[in-house]
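Presented sequentially are two complexes of subunit A, the first with subunit B as partner and the second with subunit C.
What follows is the complex of A and B.
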């Protein structure tokens, strides 16, 4: 009885995560032992190398499917591969933006306005701790959507969240705002983690198991007290809905998006959404599948208020980052629609939407990093006036990405919206589709307003200009633009690939 | 040229022109304009050549072409035309060169270069052809929405006055309608999936089984989108603003062609896909149509600005077109389609002359003109002629279509036809009052030295006048194309013409 059984791990299936974790540890060592001068280059190469290697590994195991890769704690299946691939692609593009050190403070530990900080600025030091932090966050994100029991889910949630809290506080300009954002994110995130854990405990109490399959079986045979299940499900959902910034758990989003360094915002907005919704998909499609009469009404209400709230409040925003934050809230609502569908087309559509939205988001924030004046980024929308005249190319790309967010045909956003709404309609949830369409119309208004500002307003002479993008930023922006258009015109390869591989393993 | 790819070639030609223009040097405006004109002429020629191949008595889609586009969603690149679509494509491609030639200098002074203007214009031409040619509902929707983008930039970038506000209003209204239609399209997609495979093919969708409730709801989604586009009271408020702000050329395309997408959509999509709902809603729609006729005409009388006046006359005319469509008689339908074509030309004439007048005078307020008849006789006569065409003077093309619409409506809905006929009386007012104020009487201050039409402008307007006159006396070439298609669409919606009957009371 007391014999110890060594866990059997399938290293090749876990390798995408292990590679990233290994890279992260290596990056920490580099941070500690390598000379300051070559650190930026070394860190960037380690980070990119790790991510590319991991992506290659994901590609290599793309047809794998296994529930026993880590003693039943993780499920490697179609959705897992697709979501991990999306996260890695987004992370690589995100690191391209992070590589522009201009956005990060020289000494994160210094109190804003203190003499240490001034010295750090004067010495021109560059911090590189953001790279290992990014890698740890990516590792958590890779684990989150494949975790197959509640404990692993919680560990993944923390691994992805903690680095993000720190990264949000690294902004070079407007330090106080950035630190405030980090603190808010941390406190609210800690709350939501507690809710998640609490929910997990109740679910264990109900089913006697922490594995998603165990919960699924328990619901099917309905042994225990349904109240435990209901409390468990709702608290677990609170934790998840917080991460994907659904109303009413969205309050952190605008502040954190605004305060965090823009490259971090880009990475966070895109990749966290993929990871969070990936996990939600797995939990709701596998564990809670049979109790959908219990969670569907509430989640429908949340989807509806999230779509409407995000779209309506975004209209009032005067800051481009806050506007994009509210737009991301509205998109969270659209994505919940896909979870509500609870059918194969809903699963396919959500995965497609996540990828398309993530790529477009990275590009949009990438452009935000380029609009600057002498004191840093300019995020006040009024000062974006006339951008189309000053830099027509950047403005055109940004307008295209906004049109994709608005769901105009021939962009990836349209195909995403079409597939996700038709999946919801197919499941009989017509109210959500109607509200979704209406809030798309509302949302179109503020996207178009930005286009008006850029193209139809005369430039203000206040020193706002678009800096020449670095090579890597340029790659990100152009890749995001190209993918957005390509997926709008030829979505077939990706749609086919998703629909042929995306099946949850239970 | 292979007969199978007429429509694709027609759609690609303007795009090729746009690509060619975009690589031309920015400084050489003249070359850009010449290439744009040449492109639109080639397109018009190709379209006429295509029209000669059209088999008039065949009511199926012709020049059909189908390629798989997004097979996983059942979406095809499928094009084809019936008589109605063919006429509207002809209208679009014939107006395009006229607009380019007439508005030779209207791109100057815009926010962006002349080059961009013509690139947008040609892209728009492709989309206009595409929207009428698609036989796949998804493809139609893509063109329907995507064509908002060039129009938006044409209004906002090259218009006058409150151009960006007008452009935004136009876009928001259209997007809102488009999204409602999208909801209906999604429903069709799901229903088709439940009944044997996802498809967007219009012929296949016409055979879907739907409960009458479903039909009604989906019909409303489509109808509101088209009613905004057309525009019908009470969805019309964007049109006067857009028409006032846009350049005359853009306005011609906006009122002459783009708005026809609304009425065309009603025939092609509302009637074909939802025959039962059409029956249910016909009374309501006829009321809206009659209100549009009268309301548009009254407001036109009260306008002080030429461009707004023309916009309101169009609202009145679109009321006639809708009345003709929903009267559900073959005369009404033929009349409505012919009306769409004729309205395109008479609005083009009005708008182009109004544009020339206002660019010479620097104002489009009616009160700023007076006595033009003496100063610029040719321009004044052309305006007078355009006005007569707009009020449907017998002998001009609009008369034929208006008469057909009223006859067609009267046989089934006499009350609507009678009230609608008052629109003709009001038309005389809204045309003759500005004609009197601007053209006749003493030459008012500021108008003494206006220049008359130059050769380019005369060349541009001559074909418009010729078409209006020719079709006024001899409309059969078009009617022979339209009639079979109109009769077919009536039959498809489950109607037949009411038979003439002898009054039973006289027995």
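What follows is the complex of A and C.
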């Protein structure tokens, strides 16, 4: 009988995740035992403190590399550090937006329109369970891109997803839409998780191992039945592609982005993308590296239809949040081209793109939270007309972020697109690059249409206005604007840092 | 040699222009004085540099200043550099010296204009751009100044743009100049393509290695540029209309400096033209044609400024002719340019002074007998007149006779034709200038009782007097001991061999004087002995009619370029709407339509979303299956 071996945990290498989880548990306790009055302040401080501490810890271990932390179930290497850092920065900016409690319902459990809900609104209760939920989701996101076996990967997927399902249902306004979004997200998420798990089982059947290294070795020596590998790979991809909203697994995205409270949308859109693509990078660059010729056509098709679908359908949108949702679908397509590249520059470019896109997305949704009338946010695009005349500063920042999404030079978006497309081109995926550039051109249309609407249309007099942003929201918007411009003008320091750091350990 | 002072020549007036534009109405009170002071200080810097230059020996007089690396793309390297040599110092002193006098004159001339400050900011801008043009050490730097003076000229011709005709005149000048500018940019491109460099020093060093054909191409393109900026045939039509600008502008930009930029360009590019005889001959021919063309128009004009403009065109024709005669002609072209700068600017200021006293009347048929009312104007204008027609010992005598002499000495049919044209031009010049003087200052008064002709204030006549001094003395100074020829020798490298003299200088001078006397005689017979009708007679010969219509230059442009151009544009607009826009709109409509259709997949039902996921998963497996089969 085997003796029980106590797992050797490298606590310092795992500390970013452990800190966030610890903070989350603390936040749950605060939720249970601390007086309502000081809860918002306490929760906000705990959340921000936890995230900053975790980011500091990530910075401290930035040169570490280990495959043995937590018995080989996680890999600490360059990409892991970079992705965790990006997620934490985005999460901090996201929490700044979440801190504006105006967007959240007082009592999430109440049935919309019921007397309990009315009472909760009247008593002015502030929801604070969103903070521990955010921390749990962040913990899952931190684990997702560093997970080095399929089981850890699945656990991370669930840890990051479950809180997000709940958070999507917390909107104060349009409660029904919000709850519907939460339920849809949950059902479809569960459905795709099943595919993921099924795929993991097939892969285990093929290789006899759940670790990415084991799968890699199995493919190299190709002992098993190739059918198992192919089915496993496809099903695993379904779960991952669902998370990053690639077509045809995207259908939840517009509904959830629209229904969720906008700060949650901002956090989810930016951070989930980093985590999801982080995990995809690791899986496709390490485990599936040698079956490139099997999955390349698959992802090529997905990338092409995702880019085109996102760009084309976005044109037909009349709601700013839905438009940004389709834009995020199109960007998922651009990011898949980075995975398709399967070379060092593709890895670097994807990490840069994720950071730049995440920061710009947080800022863009942050601005959406500011455009309101008496009954909450105004997301109807027609009512954004003439915003540039009434709030030139906010409109200019928003226009800059849209230009970044469109990939116009002097913004981070241009550098991201340029590096990712050139990496894909270099690796011989020319068709994808051509479609990518075409989709960018189509996408530019709807981004610039919003700019035209804001600056060259007469304002509508219907009470739409930009509220004075809170201090934290202002920090998010300005930081996002500054980073977008800075990375557009001086991308070299960050690109060099990424390229010198990002190497997968196998 | 390098000098850090060169940049101040340009920076001072540029600074003035910027301050006046940025300060706006706040600087209305002092703006004109500020601009004049900056122009004068630029002249001071120029004088200082000139004195330093004099203290050095021939080969070491040129100074350079490298400002910054402007363009660095592969093998295309251009520095923003300045170069002051014996040629450019002539221009620097002319531009800043005459420029400052005209600034002073304008203080009084424009004193009733509400926009005087704007006028001075443009003037300062012009000075800066013109200095950059003559100081740039490469064709590309020159090009910046070249465009800058074009802009200044456009802004100043249309200074009173509330009058649509003036605005149109500005546009006309701008368009004609664009044609020439295209020539310059092509010359720069050919030069880079064949020689790999655009700096004067580089082109000069490499010109020997290039084929004659490419040098000829560069030369012809430079000539096109010169015809645009210097109002030479066939791009001359804008200069007459450019007189819409305030008179000081006509004096400074459209007589003394900017319009001579073409001459500068050709003399500066002497190393190209000396190696491309065809292009050089073409330069001489264009000059000869224009000098006659302008002179003929000058005979028929009743508007004093337009008569002077035609005369400017004709005199620049002499300069271009001189520049086209090769090494022996360059120095005389520049000499004529400088003397012309004095006497023509002086006469324009005189014309301005007359207009100032006559309620802005420009029709010479409504003048007459003004010498009694405006003695100073008459005296200064008269000295300029003696200079331009080439009466010894006034300035024009030295410079123009030299060009005629060199033209004759080219020998053969070429010499006889060019020299003959120049000689004929001298006679016509004498005729039309005498006509101007007689109609304006002599004879009976023909003006309305309401007009009260009076002498202009000192602020106006002092610059006129100073320019008149230049008209009298400059010719003698430049030729005394061959001073200007020797001065310019390091730049234009005159032919060391003594050229054959077909005609002795004295013979040419006598012939020219006779021609001039004939011209004067005819003019006196026609305009002094007989009364000048107030309304221009209608029953005149067809030649007079054509000359009054500027030798049909506008009719030609309109029929050959403008109308077909408009038709072409209209056709292109139709094609653009139907084909290009149609295609673009079609694609856009298709894309939007596709978007709206695909949007329908978003039903809002979880069941259909789940179905998409399932279909997607099946599709993935099917795809991967197909690939591995």
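One rule holds for everything that comes next: the second predicted complex is superposed on the first by the 504 of 506 C-alpha atoms of A that agree within 3 Å, B and C clash if a C-alpha of one lies under 4 Å from a C-alpha of the other, contacts with A are read in each partner's own complex, and residues count from 1 in each chain.
Quick note on the criterion: a residue touches a chain if its C-beta (ideal position, glycine included) is under 8 Å from a C-beta of that chain, and two chains touch if they have at least 3 such contacts.
Every value quoted in this text rests on a predicted model; they were computed, and no experiment measured them.
Trainee: Subunit B versus subunit C on the shared subunit A, clash or fit?
Mentor: Clash - subunit B and subunit C, as placed by superposing on subunit A, overlap.
Trainee: Identify the partner contact of A:154: answer first if only subunit B is touched, second if only subunit C is, both if each is, neither if none is.
Mentor: Neither partner.
Trainee: Now for A:440: first (subunit B), second (subunit C), both, or neither, which partner does it touch?
Mentor: first
Trainee: Just checking: does A:104 make contact with subunit B only, subunit C only, both, or neither of them? Give me first, second, both or neither.
Mentor: Neither subunit B nor subunit C is touched by A:104.
Trainee: Looking at A:294 after the superposition, I want to know if it touches subunit B, subunit C, both of them or none. Which is it: first, second, both, neither?
Mentor: A:294 sits against subunit C, while subunit B stays out of touch.
Trainee: Quick check on the superposed pair: does A:456 touch subunit B, subunit C, both, or neither? Answer first, second, both or neither.
Mentor: A:456 sits against subunit B, while subunit C stays out of touch.
Trainee: Could you look at A:237 and tell me whether it touches subunit B, subunit C, both or neither (first, second, both, neither)?
Mentor: second
Trainee: Between 43-51, 97-105, 115-123 or 151-159, which run of subunit C pushes into subunit B after the superposition?
Mentor: Among 43-51, 97-105, 115-123 or 151-159, only one stretch of subunit C overlaps subunit B, namely 151-159.
Trainee: Identify the overlap between the subunit B-contacting and the subunit C-contacting residues of subunit A.
Mentor: Common to the two interfaces on subunit A: residues 445.
Trainee: Where on subunit A is subunit C touching in the complex?
Mentor: Touching subunit C from subunit A are residues 183-184, 187-188, 191-192, 195, 226, 230-231, 233-235, 237-238, 241-242, 247-249, 251-252, 254-255, 293-295, 297-298, 301-302, 309, 312-317, 442, 445.
Trainee: Please name which positions on subunit A make contact with subunit B in the complex.
Mentor: Where subunit A meets subunit B, its residues are 389, 403, 406, 408-410, 415, 418-419, 421-422, 425-426, 430, 433-434, 437-438, 440-441, 444-445, 448-449, 452, 455-457, 490-492, 495-496, 499.
Trainee: Quick check on the complex: what are the subunit B residues that touch subunit A?
Mentor: That would be residues 69-73, 111, 141-142, 145-146, 149, 153, 156-157, 163-164, 167-168, 171-172, 175-176, 179-180, 182-183, 186-187, 189-190, 193 of subunit B.
Trainee: Over in the complex, which subunit C residues touch subunit A? Could you list them?
Mentor: 588, 591-592, 594-596, 598-599, 601-602, 604, 606, 608-610, 612-613, 615-617, 619-621, 623-625, 627-628
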